[in-house]
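Would you mind keeping the following structure in view while I ask a few things?
As written, the chain order gives the labels A, B, C, D, E, F, G and H, with residue 1 at the start of each chain.
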Amino acid sequence: MREIINYFKSIFFALKSLWTGMKVTGSYFFRPWTIITQQYPENRKTLKMFERTKGELVMPHNDKNEHQCTACGICQMNCPNGTIAITSLSIETPDGKKKKALDKYIYNLGMCTFCGLCVKVCPSDAIVFSNKFEHAVFNKNKLVKTLNKEGSTLKKGVE
Amino acid sequence: MPFTFSIYDFTGFTQWIDATLRGACSPFWAVLWEMVIVGVLFLAFYAVVGLYLVYAERKVCAFIQNRVGPNRVGPYGFFQTIADLIKLLMKEIISIREADKLLFNLAPFIVIVTSFLALAAIPFAKGLHPIDLNIGVFYVMAISSMGVVGILLAGWSSNSKYSLLGAMRSGAQIISYELSVGMALVTMCVLAGSLQLSVIVEQQRDLWFIFKGHFPAVTAFIIYMIAATAETNRGPFDLAEAESELAAGFHTEYSGIKFAFFFLAEYMNMFIVASLAATVFLGGWMPFHIPGLESFNHVMDFIPPVLWYIGKTAFIILLMMWFKWTFPRLRIDQLLNLEWKFLLPISLVNILIMAFIVLMGWYIGL
Amino acid sequence: MTEEIIIKEAPEQEISINMGPQHPSTHGVLRLVLSLKGEMVQKVEPHCGYIHRGIEKMTESMTYQQIIHLTDRLDYLSAHMNNAAVCLAVEKALDIEVPERVKVIRTIIEELARIASHQLWWCSFGMDLGGLTCFFYGLRDREKILDIFEETTGSRLIQSYNCPGGLMADLHPDFQRKVKEFIVYFRKLLPEYDELLSGNIIMMERSKGIGVMTKEQAISYGMTGPSGRGSGFSCDVRKHHPYHAYDKVKFNEVLRTEGDTYARYMVRIDEMRESMNIIEQLIDNIPAGDFAVKMKPIIKLPEGEYYQRVEAARGEFGIYIISKGEKYPYRMKFRSPNFSNLSALDALTRGHKIADLVAIGGSLDYVIPDIDR
Amino acid sequence: MLNAGIPMEAFLVVSTLMFFAGVYGFLTRRNLITILMSVELILNSVNINFLVFNRFLYPDKLQGHFFSLFIIAIAAAEAAVAIAIIINIYRHFNTINVEDVDKMRY
Amino acid sequence: MTNQELKDSILKIEPTAVLEEGKQYLNLTVASDKWHSLAQQLKENKDLAFDYLFNLTGVDYGDTLGVVYHLESTTFHHVMVVRVSADRQNPQIPTICDIWRTAEFHEREAFDFFGIKFTNHPDLRRIFLDEEWKGYPLRKDYDSSLNQSY
Amino acid sequence: MGVKIKSMKYEDFEDNEGLEVFKQSGGNILFTTLDGIINWGRSNSIWPLTFATSCCGIEMMAAGAARHDFARFGIEVYRASPRQADVIVVAGTIVPKMAPVLKRLYDQMPDPKYVIAMGACAISGGPFVNSYSIVKGVDLIIPVDVYVPGCPPRPEALLYGVMQLQRKIKMESAFSKKNTEAQRTQRDTENNK
Amino acid sequence: MEITVNHLMFGLFAAMIMVFSILTVTTRRILRAATFLLLVLVATAGLYFMLNYQFMAGVQLTLYAGGIVVLIIFSILLTSHISQKFEPVGWKKAYFSALASIAGAILCITTILQHKFQATTEAAKEIDMKLIGNSMLSTDRDGYALPFEVISVLLLAAMIGAIVVAKRKKLKE
Amino acid sequence: MSGEFLILFFIVAVVLVGGAIIFSNYAAPTSENAVKHDPYECGIPTKGLTWLQFNVGYYLFAIIFLVFDVEIVFVFPWAVVMKDLGMSAFIEIVIFFFVLVLGLMYAWKKKALVWE
């Protein structure tokens, strides 16, 4: 007899626990306003990243097409996997001294791990992270970018 | 025969077609033409139902899961499954080395043909009943009991371990649960005293069977729902294609359109069991009536039978989807346990209770 | 003269079947070779290395700051804890006392990461059992934590937020408010997890009494973290060898004695509550101060050996550094919790069914890159 | 109705062919399961005959109908036991070939 | 148990062992042929009860190879580091995976990376790398060009 | 332009020059329309293979979850069997031991098939380029259609990558049978010169 | 005689039966044999259907096609592998068996064709389920109540027998 | 509509499947490579036979299923007339079920219903 009672008890318990679960899912089904989906391409205009979001490395240029990189190479040295390659030329300053200047700041977006070391160690704050995340391309080579703009020069006063 | 089209009764419509055709050509050709028309219509119906069930499932699960689901292909993602179909049609079909090609190709035929034939016996509305056999309930059961062969063949002939394992599982599962489906239906047949689906529907003119048969009918309904979910291989009984265990189960090796047919058949089977449940338990296309409340019944009569039918079927399908997206999956031994130690004994007893109630005349309404 | 080809194998012979590397339930690229008899698992042979990336060798040519970005990627779900181990080891070796603020922030972030990791485990465990909706609910709540992380650290998953001597950046001003909001939110939603899965009869049937491991076995296999604590092995590093601010907060070590899949499951669920307790104790009194101490640009550890253990989301994470006084470590070894836990898989699953194997695997919650390193 | 215009002999010829196909299989097959299948063919053809005779010769009675009904039931029971035995043999001898089983008896 | 007491009781078991106190933990160095029996004692001795092996590291010391074991007692919470070294040409160390089960995988790892052979190990194969992998990558003299297939 | 993606302007996309390379002439009107329909179907129903090796896989999961919802694009149907998958999202590091497996999985997929390389590891080896056990980019093993940089890329970035893939699919001509493997490989190597 | 849909149906079913029953006994792959058997049985159900024995058709489908064949397929799945093929039957044996069968078939068919059956030509009535049920449960002369009960005993015996046989441990080592 | 339509539906279904497969075979792009037609096993070449041996588990259920399937078939005619025949039918079915339940009990006791 006890067995039979247990038998029905177990059935009852099982049905109850199933119903508990169904209540949860069912309640969401009937509350479509709880949907949290961001409709990405539609909300592109309004989509705001957090300001610290690391999307890609950029080198800010001011309106005179000047950047702050002294081509010291510290970032290149600190980068753990060789994402950054800096080529520099030596130019002569007006007062006759030889100085290193940035020729090309090559940054391989397809390799960067966004560890943030380069930005942290840069003595002249020449590079920052931007929020842009839409980078997908068809050709891997497109991911290798030159950060300094064509014809840009070093900002005055940055050593 | 005049042309009478009414959404409340399709008999006139079908008879008109019949008469026109017979008037126009010889009986043989008339029948043939009729067949072609029915066939094409049915094909379209089948495809539309299949595709939109898939769409519905995706939307339902999306809503349950707090997201929106497909919404970029057409308005509200309405053409999503059509895109899928086109893609699958244009997808390479891979044949498997050392597979038994004949059986490998035969398997999708079997699953589709059985679902097609079973669908043929479902009464959609008054007069919209492709085949009205006097063994209707039994016929649907018999036909759908053959679908499992397709699954077993698919699993075996793919020459892959996962497929075979999945096929064995779903084979054992489907045949086991078929019993309970049958028992639940028998219970209702005791009440109806007939197997003919049209008669069964007619009998529920005043009140649906699930209310007429009260306690045993409700039990039978629950058993039917569980067993039918299991028989269609849907979650939480989807062991055969248990993603987390067996990759894709018995159709692991099927690609392209052949896979699509298994996919489609799964949904059509769901539709069939839901229709059968709607017909046998919830009164098919009969409106909801409460004996005695004439004005209420009149209001209900205004809703066309097709809508009643669709509504009930949709409700049961929704219920099955709700199950699937809520519960974790059972293990194979638990699954068989559930059938053989719970559902089968209970439904055996339930038949006796129903018989007793019928014997004593304790059911509601006569 | 026989008419058909007789199969050579004996009928009840075991056959082997591959699960993975590409398989939804191995959580990545673990490969399990199962010996089956029918559906009974006779033996499980884990084949690792499908994502062996040679991190230990790479560390031998990296500075300690750079190593952080590798420890991040070991067990990416408890990246903070792994980083903290490196930082703690370096700080201890150099005798640097980090500011209180750093300690508290690290603790909070670690606990948040633990919750996030357990949430992800919950989704994937639910998915392993076939409850697909769990996946979405778990990840939905996890997004909140990721937002908090991103706001402060700039990345969602792999933050590289710790650095020897402190943190990479200060907290975002919104941090405290958001964390508090999250705690309120998650306290409300955690019972839903129980309703959906923990209390479900199918789930209980599938996990109770499955994959039982006794305490002795657990210790012998070195099973740590929630998996070990489910067997009653008190192995919480936060309790026994406190670091950060863990000695200042009150929390319970969640222990269960059954040692089955369900116990491991419940330990994690309860740990989420415990983590929320810890965060609540700390979030309102984050001391002011610097977020890092000034370090030399090139860190050289004095010659010697250092061992640092922390409690990652999956168990005890340890790093063992042999330094020869250079800026690169001479040898660095990571003691990853998953690797030890994995070694118990065979013992756990013998005699169970394939479906149980999936459930047990889910309850061990392995992260493959952490195993393979 | 459906059988209108089809002579009874046509049915009988079909069933005869099926019967002898079964006999052929029974004689040539050496695999126990295929032998079982041949037997099923034979039984099935007998069933057809019962029903055909019933329909065409005694359309008002149901004897043939019930006979075939019971034959099918018995065939099912027989198949169940036969398969159980076959599988047992297979588990024991690792073959279901009659000749091999014969040889391996001791 | 303090480190001093530990020292005493271990020396009682194995007089040839060398014990010294490191910065962090007590260090023990033992010859490889004595190691297995000592390990047995370390675990089974009621006062020592080192039942939890939480780390096993292979190290390339240059002229020799070595294995470092980190042991803890879950009852007394004392920790000890054991060092066993082996020669470079034919490194052999007795396995302890019969004592601490977790060592089975860790030893395979050490074999994989350093080529240290653990005698009596039930299943000593490479664990992470392919069977065909040439050389032992974590040895200092490993030539990384050996296996460059990609 | 023949390629339109809902809610996104042509100019909003990166690498439009790269896209032009894939453009194939469709032939006569009938074929162009047919191409249009088929490509519409294909591009809107990209079923991925469940394939994730490491961290990026988690972000791929996040992309499928409620917040970002892959399903909106009709690509939520993750298939565990390569036979039914259209795209393989290589999410995570590939090491030499895994490479043959990946190749095999790719080979077992039915045509037309696509590959998205997600994350720095899959593109170039990422953080592990200097390791002894790394494949420096999956394009060394299988032809890649779209590269999604990041470590890990945000879910939105992956969605963006998927849209790029949709654009690429829409450029193709369904009947010219240019999608077969050998031609693809050849074309891709040319592009990546 | 005008060709009607009936003829087409009968032709289809008859052809299916003849072709597939021969294939069943001659194919060299065991699961194919089972599949062909299934098709034969389904076609037979079609014939029953044409005879207007709808219930029998249903029974044929459920028990034969959906029951016995499934069981057979199950046992095939257990005992054979896809790469197994029967060796062709020895020609002597095949020859004699075929001869015997064909001779038997010709004999029977000629007998059938020569015998004049008193067949009714009227179209078949539909057999109501009620009729079947009534005569199955009635205890009078045309009733089958006793067999009905005996079937249950038979099933019991079959079940017990099958379980005993299947559950027995290996006979000897 | 009547029975002829069964065959119609049969043919329509066959045409649907066959047509789609044939169409797909011609229209879809194809490519060849060495492993495409190998069985899938999570990306690892299959070793040994692709064949799993099963123990008693599955087929015992198939056998018991068959028995109960027969039972259902025989119960259907009974169900139809239950209402009309009343008591006698009820008693007959009780006996019928009783005997069957004996079988089920036996199977239960013999642990034939325990999947292994």
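One rule holds in what follows: contacts are C-beta pairs under 8 Å (C-beta built on N, C-alpha and C of every residue); 3 or more make two chains touch, one makes a residue touch a chain.
Everything numeric in this text was worked out from a predicted model, so none of it was measured.
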| item | value |
| --- | --- |
| Labels of chains that are neighbours to chain B and to chain F | A, C, H |
| Touch-network distance, chain B to chain C, counted in steps | 1 |
| Which of G-H and B-G has more C-beta contact pairs | G-H |
| Between chain B and chain E, centroid-to-centroid distance (C-alpha), Å | 64 |
| Whole-Å separation of chain centres (CA-atom averages), chain C against chain E | 25 |
| Where chain D and chain G are represented by their mean Cα positions, the distance between them in whole Å | 5 |
| Interchain centroid distance [CA atoms averaged], chain A/chain G, Å | 69 |
| For chain H, residues that touch 2 or more chains besides their own | 3-4, 6, 27-31, 36, 38, 40-44, 46, 49-54, 57-59, 62-67, 69-70, 72-74, 76, 79-81, 84, 89, 97, 100, 107, 116 |
| Multi-partner residues of chain C (each touching 2 or more other chains) | 2-4, 7, 11-12, 15, 17, 21-24, 39, 49, 52, 54, 57, 69-70, 133, 135-137, 140, 143, 158, 196-197, 200, 202 |
| Residue numbers of chain G (touch at least two other chains) | 4-5, 9, 49-50, 55, 58-59, 62-63, 66-68, 70-71, 74-78, 81-83, 86, 89, 126, 129-130, 132, 136, 151, 155, 158-159, 162-163, 166 |
| Touching residues on chain H, where the partner in the complex is chain G | 3-4, 6-7, 49-51, 53-54, 56, 58-60, 62-67, 69-74, 76-81, 84-85, 88-89, 92, 95-97, 99-100, 102-103, 106-107, 110-112 |
| Interface residues, chain F side, partner chain A - complex | 5-8, 12-15, 18-19, 21-22, 66-69, 72, 120, 123-130, 137, 139, 144-151, 153-154, 156-157, 159-161, 163-164, 168, 191-192 |
| Residues on chain E engaged by chain F in the complex (per definition of touch) | 128-130, 137, 142, 144, 147, 149-150 |
| Chain D residues within the chain H interface of the complex | 2, 73, 76-77, 79-80, 83-84, 87 |
| Interfacial residue positions of chain C with respect to chain A in the complex | 62-63, 65-66, 68-70, 72, 133, 140, 143, 147, 150-155, 158, 160, 163, 168-169, 172, 192, 195-197, 199-202, 204, 297 |
